[in-house]
Each structure stands twice: as C-alpha cells, then as structure tokens.
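Common to both upcoming complexes is subunit A, partnered first by subunit B, then by subunit C.
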Partner chain A sequence: MRFDWSVVWANAGALAGGTELTVLLAAVTMALAIPGGILLALMRLSGSRLLAGTSAGFTELFRNLPLILVIYAAYYILPITVGVAFSPFATGLIALCLNVSAYNGETFRAGIASIRRGQSEAALALGMSRWQAMREVVLPQAVQRVLPVLASTWVSLFKDTSLVSVIAVGELAYTAMRIRSQTFRVLELLTAMAAIYWALGYPQAKLVDWMNRRFGVSE
Partner chain B sequence: MTLDFSPVLESWRFLLGGLGLTLLLAASTVVCSLVLGGTVGLARCYGPAWLRAPLVFYIDSMRAVPVLVVLVWTYFALPIVTGAVLPPFWAALAALSAHIGAYVAEIVRAGVSSIRPGQTRAALALGMSRAQAVRDVVLPQAIVRMLPAFGSIISIAIKDTAIATVIAVPEYMNRSQTLAGESFHPIEVFLTAMAVYFIILFPVTRAVDMIYVRLAHLGRS
Partner chain C sequence: MSRNDTAAVVLTYRDVRKQFGDFVALAGVSMEVHKTEVVCLIGPSGSGKSTLLRCTNGLEIIDGGEILLDGCALPRDPRSMRAVRQRMGMVFQNFELFPHKTALANVASGPLTVMRLPRREAQDRAAALLEKVGLADKAASYPANLSGGQQQRVAIARALAMQPEVMLFDEPTSALDPETIGEVLSVMKALAEEGMTMLVVTHEMTFARRVADHVVVFERGAIIEQGPPKQIFDAPLVGRTREFLSHLGWAG
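On to the complex of A and B.
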C-alpha cells in the first residue's frame, strides 16, 4: 500500500477553510450559550415555579439527548415547524446552542450555589440590595469557580462541532470527508483530519488542566 | 400540521432491534472502557516511570480529538494500515472504548490522587507492602469517590453510541434515519427517537445523582 500525502497539501486551502468554520462555529455557539446558560440559571434560581420548572425541563431534556440526534432533529423538524428554511450552518448552530446552553446553565447554577449562603446573608445584613449582593459578592466569587468548567465545556464543544458534518455543514470533518470521497485517499485525509483536530485540541486540553489547577476548588 | 405516528408504530420491531443494539453497544463499551481506563489509570499512577509519558500522551490525545474522528478513522483508515477489516459494530466498540477509556483513566487518576498521601504513608508505616497499601487502603476509598463519575460514563457511552450511525452500525439512531427516509415521516420518527433516548438516559442520570448523594459521605477521609 502506497500513501500519497501530496493530496493533503493539494487540498490545504479547503482544509484550512473547514478549520476556520469549525473555530467560528464553536466561538459563535459559546458566545450565544453563555448568555443562554446565565438566563437558564437565573430562571432556575428566580423563585418562580414556572420559570424554574421551564429551565429545569429544558436543561434535563438537552443534557439527556445525544447531540447527533438533536442535530438531525433540528435539521428535519425546524424548517417544517417554523416554516423558514435554515442554512445547514444555522441549523447546526441552533442544535449546538441548545446543547451547550443546557450544560452552561447547570454550570452557572452550581457555581452560584457553591458560594456559601453566609456570603449573601452578610451582604444583605450590610444593607446591600439582593441585586447588589448578587453582583458584588456572589458573582465575582462564582465566576472563579465557573471558569474551569466553562473551559472544559469549550473543549467538548470544539470537538462536538464535528458532529454537524452529518447535516453537511462545511466544517473540518465534513470537508476532510468530502475530499476523501472525491480523491479516494482515505487514510491520508482521515489522518490529516485527526491531526488537525489534535493540534488544535491538545493545547486546549492542557490549558483546561492548568485552569483546573489554578482556579479549581480543592477541599 | 398533523403528526402521524403510524409508520413508527408499524416498524416497532425494526426500531426495537436497533434499541437492543444500542444498549448492547453501550454496555460493552462501558465494560471495555472501564477495563482499559482502569488499567491505564492505575499504570499511570503506580506503573514504571517510562510508561507514564506514552500513557499521558494517549489520554490527552483522546481528550483532544472528537469521538467522530476516532470512529471514522478506526473504521475506514485502520484497515488500510493493518489489513484487518473490522465489522461496523466491532469498529464502533473499539473506537468508543478507546475514547471513553481515556476519560476513565482520568477519573481513576483523580480518584487515586484525591486520597491524602498520609493514608499511604500510614499504611506503609504499619508494615504493609506498597501493593497492600494500594489495594487495602487507597483503592477502597478512591473507588467510592470515582463512582459518580463512572455513572456519568454510562450516560456518555449511551449518547456516544448514537454517533456510530456514521459508520452504519444498525443501532437505534441509524434505524431511525433509515425509517425517516423510507416512511417520509422524519418528524415523527425523530420525535420518537428523542423520547426513547430521554426515557433511557434520564433515569441513568437521576440514579447517578442519587448514588452520589447516598455515597458522598463514604468517600470522606
């Protein structure tokens, strides 16, 4: 068996374009899922039965579904129910946002809940309003605990973007597999795809480890 | 828009067969990744020094590469390198186990290193051998602390089996796609799939939470 790696270099432009879309998709998803997660956490902690229940239901639903199923379902169900034809990119983005928002919501809720009650009680006793106590006492401490978890969600998200290749979003996995089926250089393209994900993902995983050591809570 | 679930109901045997394969694949993946990850994790903590670098490299690489990529590579590229063609089910089992095994290894390492070094020192001071200290003192405590994380490995395994559809393992996700294409009722088919996966996964996550609450105090030292 002879391998011909020149096929990878000949298609470097397309692969770079796919990589760019992967990064963009992950970044946009996270940019939307952080406010989404904060909203879910605030709904959960709002004290209103209805809001808390909706938030809990949403979170449980999307944490308990395989992402690839959510992507397929979004692809088939969204256009018919909403009546608008979404681009594959937008469909993938929506599916990823639903999934990551659910995880982020839990992260924020746990982060806020991890700050001892005494902290906000002390702030209230000092005459702060509930909102002030939240903003100036609880949140700054919660952010430190939330950061490492958000970082590892980011790494998962970065890898999970590969799943939207099943609905033909032209990101890295889709691009590599498309070139594979055009050139029949299976091993070369799939290895190049794995190598690119590895080169991007490895430093991120290491960074998360570092953040966990730096900011992580130890007993 | 009206929903018509009759194509789903008519094909219940077809779907149930897929569900069986999903559960079989998930269960085998959990077992294999526990064995693999347990071995790798313990070897990383207690094995010879020269073994540590390659194991860390394996673990971190698996954490860096999407499971889809591992799956596709194992099924399409591995046969070209080794000459051995794996049937889709076995390729999926190998790829998922290799991927999830790395996470298990991390859980094992975290569990073992969460036991204070004083425990091992006390065991050694009492005249236990190193192996005894690990087996009788460290592991019983560490395993209790690992249990909730192992529980979430089960739900990750079930969710990841759905990705095996891309290499045409006829599990539930794959059968749903087939049925969606044949019946022209994709919405009903995928809504059913969402309900089925949720009904399986929700009790698992709930049970994990409950076990965690039950066992948390046992892990204290």
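On to the complex of A and C.
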C-alpha cells in the first residue's frame, strides 16, 4: 500500500474551512445550550408542575434519542412543521442544541442540588427573593462546580458535530469525506481528520481542566 | 444585667407551635424580647431553640400560634416576609458565607442586591463593618482562606449590613475551634453593649451568664423556665434546669 499525503496538502484550504465551521458549530451550540440547560434546570426546580413536567419531558426525549436521528428529524420534519426551510447549518445547530441542552439541564440540576440548603437560606435571611438567591448565590457556585462536566460535554460535542455531515453541513467531517470520495485517498483523509480533531480537542480539554483548578470552589 | 420591662417589645411569641411530621419541635412557646435586650435560649439539643429562631425569620413556617415583630404578626406571603426578614439579621452555626465572594462582597451583598445601594456606598458600608468586627485587613480574602472565627465575624458583619432591628444568632460558636470562640463572643458582647436587640441560641453558658438580660430554658419544645441569668444559673426554680446545667458541668 502506498500513501499519497499530497492530497491532504492540496486540499488544506478546504479542510481549514471545514475545521472553522466545526469550531463555529460547537461554539454556537454550547453558547445556546448553556442558557438552555440553566433554563431547563430552573424549570425543573421551579416547583411548578407544568414547568417541571415540560422540562423533564424535553430532557428525557432528547437525552434518550440517538443524536443522528434528531439530526435527520430536524432536517426532514422541521421544514414541514414550521414551514421555513433552514440552511443545513441552522438545522444541524438546532439538533445539536436540543441534545446538548438536555444534557446540560441535567448537569445544572445536579450542580444546583449539590449546593447545601444553608447557602440559599443565608441569602433569603438577608431579604433576597428566591430568584435573587439563585442568581447571586446558588447558580454561580453550581456553575463553578459543574465546570468539569460541562468540559467533557464540550469535548463530546466537538466530536459529535461530525454527525451533522449526514445532512451536508460542510464542516470538517463532511469536507474530509467529500475529498475522499473525489480522490479515493481514504486512509490519508481519515488520518488528517483524526489529527485535526485530536489536535483541537486535546488542548481544549486541558484548558478546561486548568480553568477548573483555577476557578474551582473550595470551602 | 437585668431585664428592663419598660422597654418596647420587639418580638412576641404567643403559643407558637411547629411540627416536623410526628416530631413536635415547638409545643406552644410564649415569650417576649424587649428592645436593646439580649435574650439567650439554652437547653438540650433538639429542644426547639433553633426552630424558634428559624420560625422568627420565616425560614420555617409555624403551624400554630403567632409571632409578632413590633406588634405586627409575621406575614404569610413571601413578598411581605422578605420585607420583614430585612429587619432581622441572622447568623448561622455554619457561617454560610458565600464562598465565591470575598469577605467584602459577602458583607456588601445584602445592601447591593436587596437594598439596591450604589456599589460604592455598599462597599463603604461593608468596609466599615469589617473594620468594626476587626477584619479590615481581610476584605479581599475569600472565606476558604479565613479561620472559622474570622468567617463567623464576617457573617455577623454581613447580617449587620442590612441595619437590622434585631439580630438572631443560631449557635454561632458551636462549629468553632475553642481558640476562636472568644473573638466571636467579644464581637457579640460589643454589639450587645451598643444596644442591639439580640436573640441568641447558645451553649456558651459563660456568655449567657455575663451578657444576657434574660435567659430562656427549653426542653422538648417548651419553655421550662425563664428569668434573669442570676436566677437561672444561681438559683433555678425548676429542677430540670439545674439538671441540664450540671450536665454541662456548670458549677456557678
């Protein structure tokens, strides 16, 4: 077997473009799924049966469906039900947000539950409302505490963005696979793809580890 | 010290009852706290002292009877209860400082969030209170870097920042190392001397004896005896009071 790495260098521009889209997709998904997750957790803990039930239903639905199915469903069903044709990027983004928000919701719920009751009592005793106690005292501690979990969700998400290649979003996996089918250099492109995902993913994981050590709560 | 019965009544408890499931935490408690006086609640663990304190600022809701602050019954709805809580400072056994905020930010958090004071003003007030509890040099420290006694002094400053009419202390020295208990007690003593109205749940009998104007002895959710410290500690009228004190090794 002979390798021809020139195919990788020849398509470096396209791979870079795909990489850029992968990073963008992961970043925008997380930027939306963090508030989404906090919202789901607050709904779940709100004490309102309707809000808690809605949140639980959403979470259990999207946490237990294969992501690829959600992506296909968003691609085929969303335009029919909403009547708007989204771009493949927006469709993939929506599917990822549904999935990651569900995971983040559970993460934040566990984080909020792990803050002992005395903390919110101390806030209430100062005269804060329940919402102020949550915003000023409980949430900041909960967010710090779940940073490592968010980090591993982020690293999974970064790789899972490759699944949206099935609806022709031109991110890294799709771009690499497209070049493969044009050049038939399978191993070279798989290797390049692996190298790029790993080289980007590993430092991110390390960075978040460092953030966790730097900003972690100690009592 | 002795009780000044002519001073205005700040807190009135009338037949206050509270149950947790089958457990009767408060079985009809009636007492009064007058302005500027220090009332110490003593008695065995689980006798209802802390529950009474927590009911006073609405962290627990009473099942029967009533609690009046300045003659007005505590409200039931959360919004009015919040307004009432702002008039009472609470100090917890486990300090409950906010670990993600500096000492200064902890003290400023009430004025900033609840009273919505300008940041500058809230911080000036917080700095002055840290100075008052002897921790001006620890303003930038996080709770994790403070000793237990220092944390509790910050917690006292945090409660004072809301300029409360009455301070509630829930076993403020029970979680402290022996060598830091004194610094907290002397802050409390200074506060009492300034005329702060204080309701203190404590196991520090020396403090109760020296600082309290009135001592209330709890057992099984009820008051078994109350009176000036001289009576409680030197000549208790009730045998159970004497028994409780002797268990603590109190010899007068």
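FYI, the second predicted complex is superposed on the first by the 204 of 219 C-alpha atoms of A that agree within 3 Å, B and C clash if a C-alpha of one lies under 4 Å from a C-alpha of the other, contacts with A are read in each partner's own complex, and residues count from 1 in each chain.
Here is the rule we go by: a residue touches a chain if its C-beta (ideal position, glycine included) is under 8 Å from a C-beta of that chain, and two chains touch if they have at least 3 such contacts.
Note that the coordinates shown come from a computational prediction; the quantities given were computed from them, not determined experimentally.
When both complexes are overlaid on chain A, the residue A:S162 reaches subunit B alone and has no touch with subunit C. Touch criterion met: A:L187 reaches subunit B, while subunit C stays clear of it. By the touch criterion defined above, A:T29 reaches neither subunit B nor subunit C. Of the two partner chains placed around the shared chain by superposition, neither subunit B nor subunit C is touched by A:T107. Contacts of A:Q141 after superposition: subunit C is touched, whereas subunit B is not reached.
By the touch criterion defined above, A:A173 reaches subunit B but does not reach subunit C.
Counted by residues of subunit A touched, the larger count belongs to B, out of subunit B and subunit C. When the two structures are aligned on the shared chain, A:T153 is found in touch with neither subunit B nor subunit C. Contacts of A:E60 after superposition on the shared chain: subunit B is touched, whereas subunit C is not. No residue of subunit A contacts both subunit B in one complex and subunit C in the other. On the subunit B side of its complex with subunit A, the touching residues are 1, 60-61, 63-70, 72-73, 76-77, 80-81, 155, 158-163, 165-166, 173, 176-177, 180, 186-187, 190-191, 193-194, 197-198, 201-202, 205.
Interface residues of subunit C, counted against subunit A in their complex, comprise 57, 59, 78, 82-83, 85-86, 88-90, 92, 94, 96-100, 109-110, 113-114, 143-144, 155, 158-159, 162.
Touching subunit B in their complex are the following residues of subunit A: 1, 60-61, 63-70, 72-73, 76-77, 80-81, 155, 159-163, 165-166, 173, 177, 180, 186-187, 190-191, 193-194, 197-198, 200-202, 204-206.
Listed in rising order, the residues of subunit A touching subunit C in the complex are 118-119, 121-130, 132, 136-137, 140-141, 144, 217-219.
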